[in-house]
Amino acid sequence: MLTIPETSWLVVLPTLIVVGTGLLILLVDLWSEGPDRDGLGWLGIAGLVVTGIASVALWNTHEVSFSGGMAVDRFALFFNLLFCLGGILALLMSMNYLENTDIRVGDYYSLTVFSISGMVMMAAATDLIVFFLALEVMSIAIYALSGIWRRQLRANEAALKYFISGAFATGFLLFGIALIYGATGATDFATVQEKLAAAPPELRGMATAGMALLLVGFGFKVAAVPFHFWAPDVYEGAPTSITALMAVGVKAAAFASFARVFTDALGPLMPEWREVVAALALLTMVVGNFLAVLQQNIKRMLAYSSIAHAGYLMVGLVAVNDGGGAAVLFYLLAYTLMNLGAFAVVIAVGRRGQPNEQIDDYAGLGFRYPGLGAAMSIFMLSLAGFPPLVGFAGKLYIFSAAVHAGYVKLAVLGVLSSVVSVYYYLGVLAKMYMAEGTTLLDSPSSRPYLFACLLIAAAGTVLVGVFPSSAYELARQSFAALG
Amino acid sequence: MSLGVFVVLALFILGSALGVILARNPVRSAMCLVMTLFFLAVLYLFLDAHMVGTLQVIVYTGAIMVLFLFVIMLLNLQTDPEESSATTTLSAAGGLCALFVGLLMYLVGNVENVPEPARDGFGSIQSVAEALFLRLMLPFEITSVLMLVAIIGAVVLAKRKIQ
Amino acid sequence: MWIEIGIAAIKSLVVLLMVLQLAGALGWVERKGSALIQDRIGANRAGIPLFGTNITLQGLINTLMADPLKMLTKEDVVPHGVDRLLHTLAPLVTLFPALVTFAIIPFGDVLVVGDREINLQVARLDVGILYALAMVSLGVYGVVLGGWASNNRWSLLGGIRGSAQMISYEVAMGLAVVSMILLYGTVDLQTMAHEQGHLIGGWLPGWGILYQPLAFVIFLTAGIAESKRVPFDLPESESELVSGFFTEYSGSKHMMFFMTDFIEVIIVAGLGATLFFGGWQVPWLYRDGFHLPGGTLIELPNLVVALLQVASFTIKVLVLCWFQIMVRWTLPRFRYDQLMNLGWKGMLPLALANVVVTAIAVLLVQDA
Amino acid sequence: MTEMVPTNYYVFLAAALFGIGTAGVLTRRNVIVIFMSIELMLNAVNLVFVAFARHFQSAEGQAIVFLVMIVAAAEAAVGLAIFISIFRNRETLNADEINLLKG
């Protein structure tokens, strides 16, 4: 008779809540009509809050189930909290952003929540196939979301480019998974690791080939140089709230599985991948930061900045066993707060039919809208890595881990490249405070959700920056769950 | 399967795959892809994957490729005059094939890993279903979310009326 | 070894010839039948002049000899600007999958010759009915290619309509088949036919239609849609698109499309008969003869049993073919949106619900 | 069925198929053809799974192929929808002419 594998509801609980929220939004959308649809956004936020509460409640659970397919552990739960935070902020800013577009809100919110469900599954996946399908759930939702503003030619184009590059990356990821399956006969991380540790040279060679292809696939997903070319176009063309979700959620999810796959399943291949990832990290930091300097459009500038940040995060992965893992988790938290904040400012500066996305449009905003100026200053300084903001603490942890692991040159070059980044981040502030401009904005009181979002992000950026140790301790505990 | 049959099938597969990327006209590309998929299905039958081979025909050639052709015809795409030249494509294909195959051969080495004769019932519907519904139960369930997302996404993007 | 191959060859030849003959005969049935329905006389002119009379055989000569001769000897016109390769390929791609589908339809139980038991089915495959679905799904390429390669707006429209229609209805058809697979617990058509030999309450033959009437309706509707006949003939709809996807075909290529039309009718009838009407089963007839409900046994030699079974299968196929022809000549054509609405909003949910209910019922019966 | 072909040969064949697909993605301009080249890559992956399923005599590899097919179908649905929406606005599917965003 058939033996049904053990199933644990706890393992899939966060996923189920998020997917259920998405379904609920779809159903409610079906039966609710009228222009005021903020309710659907609130529904999404409520679902994410419940997911967050469930994740906190599960904090001490450590369980793998579904034939080794999915796990609930602190690593997954940390990312759940991160995705909930990022998702809530993204939904908050969407609620005001959508007023200025003709996007159908029901589709938008349900797809957003479904993409978050994919992220949640990615962080918890302990099987290459589960990971791959979770990635596809997330990606397909984001493909559709980036083209959801159909009247916008730029959004069409962004969707097309994101789709083609994403599908291309899918091919590489899958071929890598197939070769690893061929080398080990398994797809769950535990067995793969076990088999690889004792693999004869020809199987190790095949797994190395698979690892290289996986690396290409991940490179596309996190927009690492030289697989980054799609990112600026897509970031610029997609609706800004989706760009924010892409820059933060997709990247965090990709790094969650990057860390999980490469340290857990492919841990025995670390000698093979370490130097390659280090080289990619260096290239990504340098190219990202230098190209960002040239940008006139704020969304493109943030795209290149997010490429550079992917480079910093990869430095953390190189030093994964010397505190780099925890540093990556902490940095992702920092990045979520400050980057979402920056995108919220971009949305706040835009008006209906007048996106105001050129950096020149920011001229003089600092004096005329002091609150917005202060918020933008916090985010830009934090992204540039000024103390005592959270970006500084994040960089400190990452580069000290790299030094600790013996990658001193990499750390030095990373710090130098981030000095370049100061130039373009401060360039925005210089424009805001030192130039005269005429850009008019909608009053903040008419956009309460955006205001709340800015407030949360700014407070987080400052508070976690000033008191980083407890957040770092959380990240450390979470990463410890992996090994 | 004997080596001769394998070589012949492999040549058919690679030939029609080259047709996909070399054909100037999208419909011809699509038909070459259909042929590639069909020959792959035949190869799957030789690999004792009857169920997979049949589903390859039903799902890939019977549904996905028809969707492709439908869209090509709906948009009435013709031969694109600004298409890159066939020699560029062909040399890129040659180079990349050599790269991938060479790299794999270098890493894997020349190992004659001939499989054992297949067990009874291997590749049958029952055995595949057991793997799918027991060991791969979770991925199977995730595909339901995946398809729902794809349906919503496709409808959102392609439906004619905008509010 | 050689004998096996010989038997297989003979079986395939017999089935192929039967199908081609039946397709021709259906052409006659359709002409005369439509005439009957519309109170006309129908084809009656062409005949063989013999001893001063004109032997027309009720138009059979017209349909079976005059028309094919005309088609085969006609000029094969290939219009200007077509994609010649694909234009020529299209009719072949239509005809071939239709013909090979019959390989898995059983037309009898076993025929004993000497000590050899011959399974009256051309090929018994592991994947069973999935093979039929695969071949049916290949059939759409003829429509698509014919429509596209002809370099004609009407043809293109026909091809587009055809591709959308056929993949839409394939889903419902597949789900109807799935519920039958659940019911019989197998995908093998011969086993399905055997399963239907049991009696309900000791006297009623347990044919599939008694368990799955809804699946039958869905299957037949989707089948008619797959063979692109009225009321689902939008790909050719002669009053809108001349002849749709085969407007630009003449001579023997046109005949291939024409033949495929009838062959698909026979496929639907054959699969329908096997899935829902017991296939080759004759009520109360088993391998050794009739077991009448009262307990009487009429023993029959194997050859007679086999012949009765083949006859039973043929009659069922003919009846289902006639039903399809009747539908074709009684119903008006759907509008395109109606067609899509019926497919996606009507048949698909029904077929899905049917699968779910069947699955639950099968589970309950198994547990009981 | 006398002599069997080593599993690695299938992997090499798949690698060649993957290379052809990659070349199509990188050199062709029509996005539908690019997407078809991506389908070639996915099929190369399926061949690897089927070959190793045969090698390990494990139906799991074959079951994975279904999951890949589902992903391919889902991607095709969304991708073709994106193509249609862009074509409605632009009347072209040439990647070089879709260049509003300067990359």
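All chains are identified by letter, namely A, B, C and D, in their written order; residue positions are counted from 1 within each chain.
Here is the rule we use: a contact is a pair of C-beta atoms (placed from the backbone, for glycine too) under 8 Å apart; a residue touches a chain by one contact, two chains touch by 3 or more.
All of these numbers come straight from a predicted model, not from anything done at the bench.
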item: Set of chains whose contacts include both chain D and chain A; value: B
item: Comparison of B-D and B-C (more C-beta pairs in contact); value: B-D
item: CA centroid of chain B to CA centroid of chain C, Å; value: 30
item: Interchain centroid distance [CA atoms averaged], chain B/chain D, Å; value: 6
item: Chain A and chain B: spacing of chain centres that average the CA atoms, whole Å; value: 31
item: Inter-centroid spacing, chain D versus chain C (mean Cα positions, whole Å); value: 34
item: Sites on chain A at which at least two other chains make contact; value: 129, 133, 136, 140, 143-144, 147, 150-151, 159, 206
item: Chain B: positions in contact with at least two other chains; value: 51, 55, 63, 67, 74, 104, 108, 111, 123, 130, 135-136, 139, 143, 146, 149-150, 153-154, 156-157
item: Multi-chain contact residues (two or more partners), chain D; value: 7, 11, 18, 21-22, 35, 51, 55, 58, 60, 64, 67, 71, 74-75, 78, 81-83, 85
item: Chains that touch, pairwise; value: A-B, A-D, B-C, B-D
item: Residues of chain A that touch chain B when the two form their complex; value: 2-5, 7, 12, 19, 26, 66-67, 69-70, 102, 104, 107, 110-111, 114-115, 117-118, 121, 127, 129-130, 133-134, 136-137, 140-141, 143-144, 147-148, 150-151, 159, 201-202, 205-206, 208-209
item: Chain C partner contacts - residues on chain B that touch it in the complex; value: 25, 27-28, 31, 34, 50-51, 54-55, 57-58, 61-63, 66-67, 69-70, 73-74, 76, 123-125
item: Chain A-facing residues of chain D, complex; value: 7, 11, 14, 18, 21-22, 25, 31, 34-35, 38, 41-42, 44-45, 48-49, 51-52, 55-56, 58, 60-61, 64, 67-68, 71, 74-75, 78-79, 81-83, 85-86, 89-90, 95, 98-103
item: Sites on chain D touched by chain B in the complex; value: 1-13, 15-24, 26-30, 32-33, 35-37, 39-40, 43, 46-47, 50-51, 53-55, 57-60, 62-67, 69-78, 80-85, 87, 93-94, 96-97
item: Chain D partner contacts - residues on chain B that touch it in the complex; value: 1-3, 6, 10, 13-14, 17-18, 20-21, 26, 29-30, 33, 36-37, 40, 43-44, 47-49, 51-52, 55-56, 59-60, 63-64, 67-68, 71-72, 74-75, 77, 80, 82-84, 88-89, 92-93, 95-101, 104-105, 108, 111-119, 122-123, 127-128, 130-132, 135-136, 139-140, 143, 146-147, 149-151, 153-158
